[in-house]
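So that you can tell them apart, the chains are marked A, B, C and D in the order they are listed, and the count of residues begins at 1 in each.
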Amino acid sequence: MQKSIALGADHDINTDLLRPLCETGIGWYSIATISGLVLLAAVGAFGYQLYRGIGVWGLNRPVMWAFDITNFVFWIGISHAGTLISAILRVTGAEWRRPVTRCAEAITVFALLIGAMFPIVHLGRPWLFYWVAPLPNGRGLWPNYRSPLVWDFFAINTYLLGSIIYLYIPLIPDLALVRDRSKGLKRKIYGMLSLGWWGTQRQWQRLEKAVQVMAVIIIPVAVSVHTIVSWDFAMAIQPMWHSTMFGPYFVAGAIFSGIAALILAMAVLRKVLHLERYLKPVHFNNLGLLLLTMSLIWFYFTFAEYLTTWYGNEPAEKVIFQQKVSGPFSPMFWTMVTLCFVIPVVVLGFKRSRTIKGTVIASAGIVVGMWLERFLIIVPTLSHPRMPFNWGSYRPTWVEVTLLTGTFGYFVLLYCLFVKVFPIVAVWEYKEGLATRPAEVKAAAAHGD
Amino acid sequence: MPRLLLFGFLGVVVCAASGFVLLELSNTSAPAQPIAFDHWQHVTKPDGAQLECTFCHEHADKSAHATIPNTDTCMGCHQSIKTESPEIQELADYADRHQQPPWKRVYWIEAEANEFFTHKPHIRASIECETCHGAVSQSHTVKRETNLTMGWCVDCHKQRGASVDCYVCHR
Amino acid sequence: MPEEKAQQKPQWAMAIDLDRCTGCEACVVACGVENNVPSVGPAEAARGRAKVWIRIERYFEGEYPNIRARFRPVMCQHCEEAPCETVCPVYATYHTEEGLNAQVYNRCVGTRYCANNCPYTVRSFNWFDASWDAPLDKALNPEVSVRGRGVMEKCTFCIQRIRKGEDKARDEGREVRDGDVVPACVQSCPATAMTFGNIADPSSQVAKLAKSNRATRLLEELGTKPRVIYLSKS
Amino acid sequence: MKRREFIILTGIGATTASMLSACGHPENKLIPALIPDDQYVPGLDYWKASSCALCEEGCGILVRTREHKANKIEGNLNHPVNRGGICARGQAGLQVLYAPDRISGPMKSTGQRGSARFEPISWDEATRLLAGRLQSIKEAKSDSILFATRYPHGVNRVAAMLLGDMLEGRLMWTDSRMIHDLGASYDETYGAPQPIFDIARASYILSFGARFLETWRSPMRYSKAYGEFRGSQSRGHGKFVQIEPRMSLTAANADEWIPARPGTESLLALALGAVISREKLVKADALPAFLSAPLERFAPEDVANQIDIPADVIIRLAREFAGSERPVALPGTEPHDTSSPATIAVKYLNELVGNRDKPGGVYYSTSWINSFDSVLHKIPRATLAKASTATNGLKDKGPLSAAAQAGRDAASSPAAFLLDANQVGALLVHHVNPVYTNPEVLERVKATPFIASFSCVMDETTQLADLILPDHTYLESWDVKPAPGVDPQSAAISILQPVVVPELDTRQTADVLLAVRSELGGAADLPFDSAESLVKHTIAELSKSSASGRPSTTTEDTTDEPVQHALERGVLIVPAGAGRSTEPAFDSKSNTASRASKIEVPESPATTGESALTLISYETATFGMGGEAHLPVLQELPDPMTSVIWGNWVEISPQTAAQHGIADGELVEVSTEWGSIQVPAIVYPAIRSDVIAMPSGQGHTAFGRYATGLGANPALVQRGKQIVEAKISGTGKKAAVVRMGTMEREHPDLKR
């Protein structure tokens, strides 16, 4: 493999892409501060929850899960951005992926960190979360391997570990690049992080190999994770939870919301970090097409799910169906359908509106819509148990709302810190792309402009 | 600033760790009792009273609690025996005032374990007191000799074929 | 070997004659007092946090003036195939050898998954620490845990009374007999609608009632095999 | 410090090791093993037998105590009334004992009346104050003294009578409204305060608003009997028909519910009688004299409109009832305006089907009350005899006769007495709360020169008191009371005895009254000096009488053993001696026939105005007249029909709700000619559209932390009447109504 790009261009790209690491603008500070404060509020809310008890949430009998598990599923879903874009595109060798991959992989890790928090946060006694882990203990007790929550524990940890590795491996050459351009303590740290990368032929070969292997491994892991998350519901016997379709339905929904989140993240990065040269309209166009596909798939699943429920006419399910479609949850339900299907299809279906702005608008709607989708899976079922005497309702408290907004603050903050420390566009991959398929890239660039 | 944070964090960790250690230590320590009662003297001493455990801990075979005897029981004998001892005089003072010495409990299980240990079935199954309480009869001061962890209880239950159903103890 | 052992253990079950049940709710208070189920107060109750281990479900049927009301006491059904048991990640709820669906408070981490998977909605969660204004706490049953916050709780078929009954039988050197164990709700029932006993013993009252042609089980179609038998209104 | 809390604290970085090591384990405290008590083993349950006093019935209870604290109340299997069962209210008794807002000791008012400012005083001072006050009234020779009690039986009664003797007839005596009305109507029509309706063996129960599963006379006794009625497989299932304008819990258990217009029960009973008579369904040994001409006036075709039940339904009911093997009709006892005629009419119906003294019918037995009265009241009567007062039976006894008469005729309740009596110099309230149950007496009460309250909790009337002498709760008291209507052959005497040492510095009212009596110079010649010794004395006497088969006349020679035995069982069964009373309990020819003809045909309540509704209030099984509203366990017990907790409501039919534009859970205003109250509306599918119904027992303005300010008090707009004309209008505001279950149907009928 030849690295024969003109030194000047190479230098330019390096400087360009590493600029966020050296220069810190007012934009970064304000975003980091705001997101940090939002996160801090959520931490405070969690502290209050720990101090008072989980009763500070709006949960009740029969609605024992609501925002907590909605957030959990939502963020685990968002985390699927990294896998698909990066791994699938890598495996299939889609060239346009190059500036996008790291951005996506970072989303995976951050969203997972946030999502995986919720099963702990939502516990009645969060300080005992480690009992779910198979740790040897004086009581001689083990977790219950029949419980989907234990499967979750393993699946999410596997996925998190895999995602971190998958984020890290392609980061190594760039870390070395940063190391080479810095000095002092910073150089030492980056030196340690880059694991002695000197860019030898053997190292490049091994890197490529590792990335490829990880890409192949991470796809089934990602699919299994959200399938297992869906089984939290599907394994239960509650009406409109006990569905065989939930695995693929959730995976599709996860990828759907993940791409939307990725588009939003890219748009923000593009603006804030001035990456217009790298994140081009073509990327948004391509991702927009993917999003359109996922929207159609999502709608297909949703339609199939609701049609079979309606046609089957099973009394317990019918109640929940009605609650969603025409009952008190119907405003949320139809908002969801509009945000996840109507708007995306209209906006993304036409090339003219599949612009950066268009995809961002569609994506923002989808992120909200997909949060609603998870909420609508959880709450109507729980609030309408089989015996109507026990029907209830649910209203969130400020603690839950603060925790939800806090997750976004956390996400943004993590991203801010990440772009401060690591190049958000994979420098070597980008350059590799320029080297191997300059024509294609040029064509793409021309198309985008 | 980061250094301060680091130290702060370390400080919390150290405090927490030492807290746990202290917690564990306090579990096994022998608390200082208001009157230096000597089990050996009452139970084992060759020319002593050679009492049965249930002579004083009289409810062990019928109740959840073995119970510590009240001063009336003590004074039953010590009205006339060894009245010259300052410890006995102190005991007599308590008895005169109709008070009980503030004995410190040596064995207990944390309330949050939701555990309902009952002496009675253990006595019924002829478990020796010393199985759980150690060689009290040989000791001059009582200290906690077993930690009463759940695994320890369960092991014994398993060995003896007693039920290990959670509902036997926890409810 | 373990199977045989389980066979020897009594298999607790309850039969409720809906013909006799008047819906008076004496059992609800009996249960609350026996099991230290706290009153949560109007504010918490308004948020749907009132705690009960047994409730009387009242359903109206028909329209005025030919309207009827039916009552059904519902407590933990102690399902043989309990949906709550499989989903608990830490075995805080599990099936005992005596056929009870047990809830071990100190093992519970509070995922609430069990409650979500209970088709009968019989599980209550401790959103906050339970409290009693002094001196109401003096009336607490010392044989039952006061549950702290963050744990699930539900009907135990009065496990403490089962243990006492068994203890008594063992003191007398015999097997547990019908009538040795009477849960608080059964004890209080003014119309004698409830019967409790060992369903594995064919001579027990509850085993006989279970064979009645009026015997039904709640949401039988779910296959949870409840241990509470309802004798339907005839 | 608990480990959990510890972890939380470290988690937020706010703990130190020193803090931790300083904290002890609460578990580290020794269990209370050190109490020098030979009898007592820590960790073991001690069951103590006593009796419940939360309603008039007196069910036998067993109280489980551990470490000298009561922790459970269960029904006493040996007690013939409840046979082991116990109702919701009875089990809440522990909270009566441990109520946080109990008055902890005697107090006297320091501020103006109603300022609710009190200062603690000693019992000696309290007794002296009361005695001095009573003495001065006695000397003034003008005013009377009203002792209003919830418990008309037992030691308090004896003590009050003895005290009354000292006060030369100035002590007037009433008990709470419900009980007295019961006594009144039954005395006259049945010849016994509590005839026994043998519903267990009946094959057809026709209840005219008798809510026997909730409140009526003995919810426990009749619930047990109801269970047997339903459980009798061999006899086939009987039928149970309930006639009531609003579906109560009892009606909900009926096989058929007849929503007759309120106040038309007597009319319906007579209409049924008319059918039975004209179709010659009268049983052979029924009294022909009943079938007199007036009955034809009540032909169903003529009165169906008034009752608002189709004539063919009435005819069918009559045929079913008379055709059934063992029919029994139950009179409602709610003191409706028309309850007395209804009671007579129902009795008439029973006579028509000839179920008297038959299995599944009505037993009229008075023997138990003779036995009880003659023994318990022999003592004070003997004393009174010395004071040269007429002692010819309790009712006619001098000092009390005035009150008894007043209570019987003109004024049947403390409230009515207060309104009617000219001068009440002192009001002594004992577990009654007239200001709450009859708010119309507020001004009269306020104007009373002296008020002493024996209440356990600061209630509306006690707030106005000058002197508070808190009584023990029933779980700390000694008492005996007859358990009426057990069976015709024997009487049960429920025994109350302390199951725990008194929680607070309270004193049993009987002891206080006896102390006041001696303060006033009462002779110390009684065979007892306290409630305890009176109870033991009474048990000893009754044991002797049960041994000899008839009441004994000697008061000495009490052996301890039967007393001990009775105290352990908590109940004493006394054979009726001569068995059933020999003479007919009531003379049908002379009495009922004439009364039946005198039954006035009730005017149909106003149905002319579109908006005119009938407001009825009813007692609930849990709160009764509101005396137990301060118990959180009952407040959080859902109403069985509406599932409402922590508050009350007004029930309106869906039709009326739609007509007035009222939504379920909306705050509405209920107004009558006496005022209006705001209360949440519950759209209730099982109530007549011209009726709105409200449960009593809530709406306290002072009654401990749990009851105060909850709900509305229907008595405010009812003036002591159970049925009044009312208007209802929505306020558009959502009410804070808390429910523990929905009103949904079990199988919701959803459109596809």
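We adopt the following convention: a contact is a pair of C-beta atoms (placed from the backbone, for glycine too) under 8 Å apart; a residue touches a chain by one contact, two chains touch by 3 or more.
Everything numeric here is computed off the predicted structure, so don't read it as measured data.
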C-D or B-D - the one linked by more C-beta pairs in contact:
C-D
Greatest Cα-centre separation from chain C belongs to chain A
Mind checking the centre-to-centre distance between chain B and chain D? Centres are C-alpha means, answer in whole Å.
52
Between chain C and chain D, what is the gap in Å from one C-alpha centre to the other?
31
Rounded to the nearest Å, the gap separating the Cα centres of chain A and chain D is 66
Once you find the CA centre of chain B and the CA centre of chain C, what distance in Å lies between them?
36
Multi-partner residues of chain B (at least 2 other chains):
112
Tell me, which residues of chain A touch at least two other chains?
125, 387-390
Indicate the residues of chain D shared as contacts by at least two other chains.
4, 643, 741, 744-746
Note which residues of chain A are touching chain B in the complex, please.
137-140
What residues of chain C sit close enough to touch chain A in their complex?
44, 47-50, 55, 57-59, 74, 83, 86-91, 94, 107-113, 115-117, 119-121, 123-129, 149-152, 219, 222
Under the definition above, what is the set of chain B residues touching chain C in their complex?
112-116, 120-121, 124, 163, 165-168, 170-171
Which residues of chain A touch chain D once you look at their complex with the stated criterion?
47, 50-51, 125, 127, 310, 313, 315, 318-319, 322, 387-391
Per the touch rule above, chain D residues touching chain A in the complex are 4, 7-8, 11-12, 643, 741-742, 744-748, 750, 752
